[in-house]
Amino acid sequence: ISVSNPAECAALKEKFKVLWIDVAGLHETGVIEQFGALFGIDPLTLEDILHTGQRPKVEDFERYLFLSLQMLEFNRETGEISQEQLSVVLGSGWIITFQEKPGDMFDPVRHRIDSAGSKIRKHDADFLAYTLVDSVVDHYFSILEEIENRIDILDADLVATFSQESFNALNALKRELIMFRKAVWPLREIIGSVARDDFAVVGDLVEHYFRDVYDHVILVIDTVEVFREIVTSMHETWLAGVNNRMNEIMKFLTMIATIFMPLSFIAGVYGMNFKYMPELNLWWGYYAVLGLMAVIVLGFLKYYRSRRWY
Amino acid sequence: ISVSNPAECAALKEKFKVLWIDVAGLHETGVIEQFGALFGIDPLTLEDILHTGQRPKVEDFERYLFLSLQMLEFNRETGEISQEQLSVVLGSGWIITFQEKPGDMFDPVRHRIDSAGSKIRKHDADFLAYTLVDSVVDHYFSILEEIENRIDILDADLVATFSQESFNALNALKRELIMFRKAVWPLREIIGSVARDDFAVVGDLVEHYFRDVYDHVILVIDTVEVFREIVTSMHETWLAGVNNRMNEIMKFLTMIATIFMPLSFIAGVYGMNFKYMPELNLWWGYYAVLGLMAVIVLGFLKYYRSRRWY
Amino acid sequence: ISVSNPAECAALKEKFKVLWIDVAGLHETGVIEQFGALFGIDPLTLEDILHTGQRPKVEDFERYLFLSLQMLEFNRETGEISQEQLSVVLGSGWIITFQEKPGDMFDPVRHRIDSAGSKIRKHDADFLAYTLVDSVVDHYFSILEEIENRIDILDADLVATFSQESFNALNALKRELIMFRKAVWPLREIIGSVARDDFAVVGDLVEHYFRDVYDHVILVIDTVEVFREIVTSMHETWLAGVNNRMNEIMKFLTMIATIFMPLSFIAGVYGMNFKYMPELNLWWGYYAVLGLMAVIVLGFLKYYRSRRWY
Amino acid sequence: ISVSNPAECAALKEKFKVLWIDVAGLHETGVIEQFGALFGIDPLTLEDILHTGQRPKVEDFERYLFLSLQMLEFNRETGEISQEQLSVVLGSGWIITFQEKPGDMFDPVRHRIDSAGSKIRKHDADFLAYTLVDSVVDHYFSILEEIENRIDILDADLVATFSQESFNALNALKRELIMFRKAVWPLREIIGSVARDDFAVVGDLVEHYFRDVYDHVILVIDTVEVFREIVTSMHETWLAGVNNRMNEIMKFLTMIATIFMPLSFIAGVYGMNFKYMPELNLWWGYYAVLGLMAVIVLGFLKYYRSRRWY
Amino acid sequence: ISVSNPAECAALKEKFKVLWIDVAGLHETGVIEQFGALFGIDPLTLEDILHTGQRPKVEDFERYLFLSLQMLEFNRETGEISQEQLSVVLGSGWIITFQEKPGDMFDPVRHRIDSAGSKIRKHDADFLAYTLVDSVVDHYFSILEEIENRIDILDADLVATFSQESFNALNALKRELIMFRKAVWPLREIIGSVARDDFAVVGDLVEHYFRDVYDHVILVIDTVEVFREIVTSMHETWLAGVNNRMNEIMKFLTMIATIFMPLSFIAGVYGMNFKYMPELNLWWGYYAVLGLMAVIVLGFLKYYRSRRWY
């Protein structure tokens, strides 16, 4: 149900066993303050909700539990990860979520709520909170998959070209991983705290479910670390490849230069205009010099072959 | 109110519920000692106040709480961060702050104090202490923003030029981050201690507010770390760019050299002065040689094209 | 005994003191759910069993202990490590293991069970669990040996060629070690927990044995770390070798170029067509120039020898 | 007072409230053992005193406290840091210090003792111990200042020359910092222990003073870490500078080589001795070729300008 | 006394206050099992004794304490460190040590035992255990000295040659340090545990001595870390030196090439065979060209001097 006025929620609160209000967009500060008054939310919490770009955190206010997370979205075209703050206020029997923009990853959850007899319908608000947090964390995995794809593509690309472009793409990926880690890292502590500590509004069963989310968070963090190490090793491959390619270029230049310099020198010697150069008058002199040059070329080629330069 | 004599403060102390004395400039040791005597401040604390360049710390003296921080200021022209020590002595009902120089980030706080009915007026000295510390920490964020701007500018610059200048600017930035971290890192522990431990002069409510400051400090530290990683990755980009550029230069040199060396050699051969060189007398000899040279040039070009050198 | 129907297991459960059911392949979700119902396994556990690629973990459900590990297999041809999740559900008197694919490292354990009077026969299900986990961990050592072989081969290879191929092989090895560590690292905590904490289904004696497994896990982790450091140092050797080789190439080019350039220049001078060049008419001019050239060559050679270039 | 015989100390012990014996030089093992017997010092402590090059440590022997530190001295000429072990044995009412060599940083302390009415005179032996340890730690700061000077000088030097000498100086500095850290690092724990734990011979007040020393130690360690990071970044600057300079050199070589190679080739072509080369007989041929050459030179120069090579 | 049969030991056990049995060589499993039976050693311990290459560990079995260490030996010729596992089983009144091979670092201990009135004779078996462990740890210091010698030699070598050989020697040293650290690192925990925890068979006095060994272990670990950092900085010196040398080579090549290319070009111009080249007929043309060439050479030399290339 979409409502246009916070006051209506008060009525709804009475009516249903579990009430989920999803506020998308934080422009209308007034509306949010009305919610605050209605559900007895601390001003500090409201401030945390309004100031996005916060570090994820969990805070226990006896009457309710405040939880803020970063929802991440991978933009497949730019390859950038955008973040959006999700604030969850979980009371007993009600839950309010605040997002920066409409559009989210909760549609499957909504469907499950709509379908009669689903697990979510049977449980309390804390189970719904679990489902929402779980959706956010599960979405991290889909981003990790996107990143893995990009790594695979870049990996193939890198070996093929060693271009500055592929290096820059690699570096951009590295920064996305840095941002990702910054957003996910604090969750270790936060979800762990929800799973471990006794918060009034979180039942034992749901704590158990949160332990599962905790495992997922750890797996996400581990995977990010592994990706970072892989990106670092790709970086090293790139540098090694550039170094190697430089080696190849220099070898080629050296081979050509060292072969032709002596040849040109010999040609230069017999291009001198001295009056008395006996070789010039021999009828086989020209052919002898050509032969000498051929010997030099073969000698160098053999030398380079022996050093495995080609 | 600006007073010229510490003794006047004693009278003021009696008069107001909350007394804030802001001492700017630490030259007049005598004045500071008078304050010490008046408010019963330990000699060790006075020493800590006078010796600037200390590590931030918090110390509980039962009667009062001593807190020292580094106020940071970003000089937009030189790009350097200057630090100034702020010492806060918080008793019950009074607070004294010591700064190295006049001019600070507390003007907004002063305005709020002056405006009747503000939150600060209603609360005790500990709330004022929170407000001051919060101002200092909030100012860190504005410095972080400046640094982020510099990073963005440098990032664009780097890719364009790969000059030693941009590298030096990057390195200067790195050092600023090192200094920044050194100044901010101990705050994690210090503000955490204020927020967690039961100090006599800090009420429960203000402890709660300090928990908020603590979250900000963690966010500052996280952001500094992320910036450091980004600067490191920019550093790598620079090196990679220089390596790559070297590759380009060498490729170009190699292409020119390998093409002209054989050509010059051929010209040299037919510049020899041997009496018996049959080719020289052929009327099409010159054109045949020019043709041969053209074939060589095309061959090399094709080879380089196949290796994607241009 | 191989059974085709979970229901039969119920009967078996009554019959034997210790029952080990090994389920290879996780396609038939139905079968696994039947097991779950039969042995009273929590739905969350079943989910963990079915979703492979999990982080290793241990979870205590009073009635049983759930343990999941990664079985690693080194493919000697591709040099890749493949992982397969092993889930162990240990109750009192029964144990069920779930693998992704048939074929495992447990044949020696099966033989020991079959042979009358073996230690396994005498002990309870927890001892069997220990034996299975021990087999998995022991298999890690055989993989470490394979990796050590590869390191030795690569080490010899590296010094011989400094080719991009050997670098890539090195990098592949590095990634395998990253994957290996990711799979093994959590075991430190998990096996440690089994060895230390009092789980209902694990007896004191078997806890003692698990402490031994714990020592092995630590040794595996230490060895992986040492391998990583060795691979890093091989990486540095490679880079140093490439750098050094570049030096050699440039030295060679420089020697050849600096010797022949002056010679060619002298030849060029006496190839000029000026009318008045007195040297050209001297009968010993040609020989004097040749002598001069020889002196230049010897001078350069001496210079390079003095700088130890060859 | 300088005494020649340990036995005399026994008498002195009775006479004064606080007795400080400073033993400089550890050659005469016999003398040290006499002290040991006289003041009831454990043989293990005596061994620790005699074996210099130990890790700093603190040990509580009920009757006395044993403390060993490294006194560091910066040799301004060689730029090396020399260390000397200082062992402090602190009993109630007496304190014995052992140094490796005469000459130390305690002269100011001695002066303060000599001047009547000084703080040291009023306090017990533990305060003297604090004063001595404080002197040692304060001296670290003066070394840090020397190092900072060296860093500043090197920093200017580096940018100017990028020579191997400046790199070596940088590396020497790095090693000094490694040694420094090794000597100072354990103090964090040791001084912290003195300031925190309840040792019989250290009064509450002096514990308080030691907390101050502890803060200084932390500041020293932080500063050493910052210096290490700065030296690392200077190292990177050096490498970047060398890379950049190589780039400059190669650009210059490439410009000269690519311009003159085609020119020489053209000259070579018209130096060929073919009978039928029509251009040679044109009266404007020579000038046309010179013009062609000029065009080539200008073309290359324009190309390089467009790529910002000069 | 050297015995040929474990059974004899039973008798000996009764006879002496302290019994030390040193088993060198682990081939005869039977003998070791006899010892096990005789002294009531757990099968798990026996297994640990027989499987060498274990991680050092300590285990308390009430009746006895099991301790395993790695004895390291530096082979001065190959520069390699070989390890040998030492297992110590310490009961009350008896101690058994197991080594892989005969020949060890315990001869001084044996001498001290043989000499009447020595400290070892007066104390219990735990003191002997301390003496043995202390010998092993002290031997680490002698290895560290060897490594320090090698570092000094390599350091001198490095600066002189920058050859691939010296780099490889450096890398070999690095690996030895990695192995060393792996063997020594666990001792921190193990010896610490012996010194701290209350094991039945270790008296208070000997615990005190073990605290001393603990300090030594920490010092060994610290020193290894410092060596690793020094080796890393030597590695960087090597790379910097190679880079610098490359710079020198390129400078030299560039100087020669840029000077002679223009000269050769000029010679080439006047080597052209155009009919109408007025300069060729001037009697001072040749000398003018030689003069021009000299001017060019001097110009380049001045330019390079101004850039400090030589």
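Order of writing sets the chain letters: A, B, C, D and E. Residues in each chain are counted from 1.
The criterion applied here is as follows: a residue touches a chain if its C-beta (ideal position, glycine included) is under 8 Å from a C-beta of that chain, and two chains touch if they have at least 3 such contacts.
Keep in mind that this is a model prediction, so the values were computed, not measured.
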| item | value |
| --- | --- |
| If a chain touches chain A and chain B alike, it appears here | none |
| Inter-centroid spacing, chain D versus chain A (mean Cα positions, whole Å) | 40 |
| Chain centre separation in whole Å, for chain E relative to chain D (CA means) | 24 |
| Per-residue overlap in chain C, given as positions that touch at least 2 other chains | 243, 246, 250, 253, 257, 261, 264, 268, 271-273, 277 |
| Graph class of chain-chain contacts, one of line, ring, star, complete, other | ring |
| Cyclic chain order when read starting with chain B and heading to chain D | B, D, E, C, A |
| Sites on chain D touched by chain E in the complex | 44, 48, 54-55, 57, 59, 163-164, 167-168, 171, 174-175, 178-179, 182, 185, 235, 238-239, 242-243, 245-246, 249-250, 252-253, 256-257, 260-261, 263-264, 267-268, 270-273, 277, 279-286, 289-290 |
| Interface residues, chain D side, partner chain B - complex | 159, 208-209, 212, 215, 218-219, 222, 226, 229-230, 233, 236-237, 240-241, 243-244, 246-247, 250-251, 253-254, 257-258, 261-262, 264-265, 268-269, 271-277 |
